[in-house]
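We call the chains A, B and C, going by the order they appear; numbering starts again at 1 in every chain.
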Amino acid sequence: MEKMKKLSKTKSISYAKWGYIFIIPFFVVYLIFTLYPQLLTIYNSFFEYYRDGLNVIGPNFVGLRNYKELFTINNAGYVPIVKYSLNTLILWIIGAVPQFLIAMLLALFFTSTRLNIKGQQFFKTVIYMPNLIMASAFSMLFFALFSQVGPINQLLQSWGAVNEPINFLGMTISVRGLIGLMNFLMWFGNTTILLMAGIQGIDESMFESARLDGSNSTQVFFNITMPLLMPIFIYVFITSMIGGIQMFDVPQVLTNGKGTPNLTSTTLIMYLNNFLGVSKNFGMAGAVSVLLFIITAVLSAFVFKTITRK
Amino acid sequence: MAEVTLKNIKKVYPIGDTEKKQRKALKKSKEENPESNKANLQITDEGVVAVQEFSLDIKDKEFVVLVGPSGCGKSTTLRMVAGLEEITSGELYIDGNLVNSVEPKDRDIAMVFQTYALYPHMTVRDNMAYSLKIKKLPKEEIEAKVNEAAEILDITQYLDRKPKALSGGQRQRVAIGRAIVRDPKVLLMDEPLSNLDAKLRNQMRSEIIKLRQRINTTFIYVTHDQTEAMTLGDRIVVMKDGFIQQIGTPQEVYDHPSNLFVSGFIGTPQMNYFDAKLEVENGKYVVNTDGYKVVLSEEKQVRLKEKDVKPQDVTLGVRPDHIVLSENGLKGKVDVSELMGPSCHLHMTVDGKDVIAIVPTEGKKVDYVNKEVDFGFNGNVCHIFSKEDEKNLEY
Amino acid sequence: MNSNANRNAKIKLFISRFVVYAILIFLAFLCLFFFWLMFVNSTRSNAQLQSGFALFPKENFLKNFYNAWHDGTIDIPTGMKNSFIVAICSALLTTYFSALTAYGTYVYNFRFKKAVHLFILAIMMIPSQVSAVGFIQLAFKFHLTNKLWLLIVPSIAAPAVYFYMRQYLQATLPLEMVEAARIDGSNEFRIFNQIVLPIMKPAMAVQMIFSFVGSWNNYFMPSLLLNDAKKKTVPVMIGTLRSADFTKFDMGKVYMLMLMAILPVMVIYIILSKSIIKGVTSGSVKG
């Protein structure tokens, strides 16, 4: 008999090393392009480090001074981090409240065997579409449509609803409203589809037995659907919040980065973005990032719990 | 076409990995037998010992079956032969070469998996040809080999289908076909029939016997089903908790089970057990079951004498087909009587224990239910096991 | 039961259906209305746009297209080329390497397997903006601004895509298949490329689409990194458009530019909407 090939012998036939080999690319890239920059961000937050004209100031170690600055009243009379956090929160709520109400309603419509909605695929396709639209272009579109000489004002004037064009982009309430509207349009379809999947995941017999027990649809909703849907609802809700914290493209483009009027639509990320612009204020930007990180980490902990629980 | 030798093979799963393995074993055992207890594996400092002291010489072209309850280490042993699991210690030779650290692809083995593990995106032809393509055989040769194997297995008409379009039995054939196209030195089969329904399983069992006559190679076959083991194997290896319990031909294992476990595992319906006393009367060994005395046969007398076995309390085992209804003997009440055609299975309660007897019907219609019957057995068919270590006292 | 109750129930159902369809149609209208206006306005000349509102397209579509395509300040052909490069490369890299990583932690038993998996899940929710400061700083330090690959390579480490692939593997790939391939003589890379990747095709396709759309629309990082007009991607150009002086602009052209910006994604969506919508659920909610 022919002898077994000697060269094929390895030290062991353990495949463990391949596990490491296969995950190397991910971790190398993660370390260089994400983790190291993140650590650098945190490091920066303790330094005075920015550009003033052509001069670079710093880096000088300043301890917690950057954070202190975020939390103290500035010359304009407000606490930056509080103001921008509130802005972000308000903008998120304006969009998220109708988003979740409508999405819940639609999810119930679509899954109702009694209503038996026709054309579901069409409706789902249409309401999900804005989610894929480039947010900056969508925002630009709203800017053009709602400008003083834009089609919306033209329409209102032709109807005689107003005599003078409305300055939508000059008023806090309308700017915030428009941002909320865009966020609503971009996200309610997505939320509908997720909640729908959640409802469909509930065992059909639950509903049937509740019906047989004599519950009406309201009772079924509050006693069966909602409690069983809760984990998914929480998951979707928190991911929406995390998304809200990252709100940037829409208000940035709509207000040209200025958060007009009077910085009432400047979000946290826009604030961060301003430090990264010409001034390259890595110190302050670092401090804002660290706070962002902490907020999202807390929220993510909840999400993490939902997805790892089996 | 090769001998396989396992020398004192041992497999230990480090504690870290075991959790999963145990869970898997537990899940599996639940599927196979809902009432079976969890495997009683030894746990040492190194980890959980799945297989130990496994020594076996498999002759060229032999068909060896590893059989045992789930978690007994039979699959682990097979996977070590395949090279899918590392061997913790011991030596594995295929065809005289030490292959402990040879990768599966260089061991010249093939394997049929329980779930078939066919590649879903490839046609049957490509599934079967895959290993040959990797070996870079010429196209015509691949074609010829695949066609030949397909013919043997009667799957020629399915060659261009995807596995999804096949029935369970057909997939099974493809899985076997994929293994035999390579003319492996050793063909390993891991519970190949357990995903089939009962009827198909019987059919495939005889197909495997036929297959074996057509392709001359060494088979190692793992199953938890003792019927498969008995019908397929030249020799069977009964395993439990990582240890070999007995190695022998099906007949040997059936007639001379080496311990209580083997006697209960092999043979269906299961062997009946009684508490009895081994006594010596007039220089002869006698088993005394509740006053019912049976003198053991001559060959048993010789074996027991050779070992100088002392009178003691024993567990007496008698197979259901060896129980005969008699005038006097042990008394039992028949709870259920199952007519099987030529014979009748009587489920009796004897002293609070369940006892099954198979009695020939001989064409007569007899109603035993709820009746008291007397039964006995002969001295050549009872097995005596030590109460201490559960070993067969004869060996 | 009398027929009266039956009729009442029928009327009730009819009314609720009516209301539900009305709501659905209204929402669908809301979703389409603004895009319809964009399309209509992209077919009107600047003069037509100044003169008033219109609900139906006019004849200047091609003229606006020509003007937008050859605009001096906003070089949309280059922008689209850059966006395509970034989006396609990111989609390919992110799906391939996420599948590879998921396969690594799924199939192989190694010491830190569980830790690695949990770690990736834990970093999944950290917003990319958190690393932006350090990223920008390094990009400037090593003179890597305006390099498109800097937007592409980081997509190799995409925790969310990893998570999706891992779930998919768990559901579809039995370990025995990998072992069968090993016994067939395949090496580990070959097993991944020839056996596992084909099995993962549906998951790869879904993630490729989402990744493509994500990079196509990405604004934050590119706007900070790209200031060379030859390197800008489409969203950055749209941002520049916003900061331009509007009184001098041909608005027909502006609408046309926006239409161009969203067109590739719209085309993909129209073709693949069914599988995209399916992908939304399978990706985000645990199975």
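In the analysis below, contacts are C-beta pairs under 8 Å (C-beta built on N, C-alpha and C of every residue); 3 or more make two chains touch, one makes a residue touch a chain.
Just so you know, these numbers come straight off a predicted model, no measurement behind them.
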More contacting C-beta pairs: A-B or A-C? The answer is A-C
When the mean CA coordinate of each chain is compared with the mean CA coordinate of the whole protein, which chain is closest?
-> C
Centre distance in Å when subunit B and subunit C are each reduced to the mean of their C-alpha atoms | 56
Here the gap between subunit A and subunit B, centre to centre from mean Cα coordinates and rounded to Å, is 59
If you average the Cα atoms of subunit A and of subunit C to get two centres, how far apart are those centres in Å?
-> 14
Subunit B: positions in contact with at least two other chains = 83, 103-104
Two or more partner chains touched - positions in subunit C | 109, 111
Any idea which subunit B residues touch subunit A in the complex?
-> 2, 83, 86, 94-97, 99, 101-104, 106
List of subunit B residues in touch with subunit C within their complex = 16-17, 79, 82-84, 103-105, 109-111, 113-115, 117-121, 130-131, 134-135, 178
Listed in rising order, the residues of subunit A that touch subunit C in the complex are 15-23, 25-27, 29-30, 33-41, 43-44, 102, 105-106, 109, 114-115, 117, 121-130, 132-145, 147, 149, 151, 154-155, 158, 185, 188-190, 193-194, 196-198, 201, 232, 235-236, 239, 242, 245-246, 248-249, 252-253, 256-257, 269, 272-273, 276-277, 280, 282, 285-286, 289, 292-293, 296-297, 299-300, 303-304, 306-308
Can you check the complex and tell me which residues of subunit C touch subunit A?
-> 13, 16-17, 20-21, 23-24, 27-28, 30-32, 34-35, 37-38, 41, 49-50, 52-54, 97-98, 100-101, 103-105, 107-111, 113, 116, 118, 120-138, 140, 153-154, 156-157, 162-163, 188, 192, 213, 216-217, 219-220, 223-224, 234-235, 238-239, 241-243, 246, 251, 254-255, 258, 261-262, 265-266, 269, 273-274, 276-277, 280-281, 284-286
For the subunit A and subunit B complex, residues of the former touching the latter = 1, 3-5, 8-14
